[in-house]
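In the two complexes that follow, chain A is the common piece, with chain B as its partner first and chain C second.
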Partner chain A sequence: MAVHDDVNGSTEKSNSGMDELLTFNAENMQNNMKVIYYSRTFLSIISGAIAGILGFTGLMGFIFYFLVMAITSVALAAKASFSIHSYFNSWNCIIFDGFLGGLMSFVLFWTFAYDIVHIF
Partner chain B sequence: MGAGFLVGVIGVLILSHATYSTIQYRALLKITEEEFSGPPIDVVVELIVSFVLCLWAAMAAPGNFKSIHPQSEENRVVALPANLDFMIFNHRGKIFPLETELKLK
Partner chain C sequence: MAEDLVLDTAIRDWVLIPLSVVMVLIGVLRYFVSKLMKGSSQVPDPKIVKEGQVIIRARNLRAGANYIPAKSFRARKAYYSNEENGLLHVPKGQAQNPQAQMFSDPNMAMDMMKKNLSMIIPQTLTFAWVNFFFSGFVAAKIPFPLTQRFRAMLQNGIDLSTVDVSYVSSRSWYFLNLFGLRGLFSLILGEENATDDTQRMMQMSGFGMDPSKTLGAEKDGLDIVQHEWALPKFEQRAEAVLRKLVK
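For the complex of A and B:
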């Protein structure tokens, strides 16, 4: 099944002869990506604070971040009731999007909470 | 938005209380001159509870996923009444009672 990424309008008609080309609604796609970014950013901030309070240093904190992001991915897939292809065009959207941006927020709040609890 | 957001606020409040407890625990350790090996068990329980609440909030607060398939039920657009050029008022429908809660789906 060929994935057709060229979306001109917000809603596209699907003709009966165009079954080969998988068209999708770009506006709802944007909405879904926004929901994913929101969830990931919030959870990376929270997990950063938790890692700081628990006193993780070095590699341990990054392992904790990967763990939390894995839990988030599973939870997002469960929210989409595991039928990913009716909400996103690939699995990568749900697994990798917002990962690096979340890492920056995570490190910021990790060091912030660690400083507050353990240094001052 | 409402319930999920409230759960998130409660989670953040529990998190800040856990922070405060850990700060006090560190102060106690400084007095008794012991080494910090890990936060006390009640702080760990608080952190787990707040993480679960925040996970719930992060799933509930931003809104639901919408289907991207053009064939799906919620994406179907019925826009004929919006096309003013093709509105016809003199038809047999005017003898029927007017339904004000007409759904356009």
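For the complex of A and C:
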């Protein structure tokens, strides 16, 4: 998770938490979303390679992916010190954003690593 | 049956790895070529820039409406959406036909074509290359089982119905790469590339769009803003925060 935290380190302390009145800086919000996207993509590629090298097949690999993504969500939430609403719109963006986009990369790198290590 | 298939290591060394590397490199090359092409002098029409700026200003007003007193907000709103000479008000009949506008500016069409070509040409070439050299054999195996429906997708170019579906032909490996590498590109080339395609689409439709329509939409948006000055409440907020601090 260290690398991931590095990626996330660029999150700006942006949206001071004003509860009643919605005040936010759109650019900072976008930056936060971008950070989530990057960390997810990065992790999906890395986890794909790991799954392939370890030789996961079938459901095992997908469970691994879900596990990694769940850990990512928790780590992102921890990075935002669990006050999601001062950084993001809702919980949804932390949990689901970039999930399916990462899946494609995951499958590709999983297949690639698996083939190179185990098939031939 | 499926497990019996033995793939030559030469396939890995000469097909699987080179194909993936080439796909990555071509993606990088495409990025720089399209950047080069975009860099060529492009002087935007001052009128369009002006309209865009007006829209941005109106949007800012809408976003920050609650931070100014009602009177100031009303004055600014009148400045933008007044029926006679408001900035967002477009007199009828003056709106340009977007199609005509596009034809009057050959640069725009040229630009669009360049952008399109920089996407299509490399893809076609790579596909032809893969087709020519690597067609007709199994190149990879995906590590999870799939149903028969995926056969057409994954074994493109192999006409054997007895091979297990999880084996992938080289042509389909190319397609897998095409979709799966998008994430990698966004990491190594920055976010510009990730949003590139969609952004292009937006730009394309944006060029063809009637600027008076966006102005009108912004005007409507401004008209329906419910103004509620936030600052009176802020004093109470500040009081609460300070009290908490003092405690």
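Please note the rule applied: the second predicted complex is superposed on the first by the 98 of 120 C-alpha atoms of A that agree within 3 Å, B and C clash if a C-alpha of one lies under 4 Å from a C-alpha of the other, contacts with A are read in each partner's own complex, and residues count from 1 in each chain.
The rule is short, and it goes like this: a contact is a pair of C-beta atoms (placed from the backbone, for glycine too) under 8 Å apart; a residue touches a chain by one contact, two chains touch by 3 or more.
Computed from a predicted model, the values in this text were never measured in an experiment.
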Combined model on chain A: chain C and chain B, fit or clash: fit
Touching partner for A:Phe88 - first (chain B), second (chain C), both, neither: first
Which of chain B and chain C A:Leu108 touches, first, second, both or neither: second
First, second, both or neither for A:Met33, with chain B first and chain C second: neither
First (chain B), second (chain C), both or neither touched by A:Phe42: both
First, second, both or neither for A:Thr72, with chain B first and chain C second: first
Which of chain B and chain C A:Ala80 touches, first, second, both or neither: first
Which of chain B and chain C A:Ile50 touches, first, second, both or neither: first
Superposed arrangement (fit on chain A Cα atoms) - minimum chain B/chain C Cα distance in Å: 10
Contacts on chain A seen with chain B and repeated with chain C across the two complexes: 34, 38, 42, 55, 116, 118
Interfacial residue positions of chain C with respect to chain A in the complex: 7-9, 11-12, 16-17, 20, 63, 66, 140-145, 168, 176-177, 179-184, 186-187, 191, 194, 230, 233, 237
Touch list for chain B against partner chain A, complex: 8, 11-12, 15, 18-19, 22-23, 26, 36, 38-39, 43-44, 47, 50-51, 54-55, 57-59, 61-72, 75, 77
Chain A residues touching chain C - in the complex, by the definition given at the top: 18, 20-21, 26, 34, 37-38, 41-42, 44-45, 51-52, 55-59, 61-62, 101-102, 104-105, 107-112, 114-116, 118-120
Interface residues, chain A side, partner chain B - complex: 11-14, 23-25, 28-29, 31-32, 34-35, 38-39, 42-43, 46-47, 49-50, 53-55, 71-72, 75-76, 79-80, 86-89, 113, 116-118
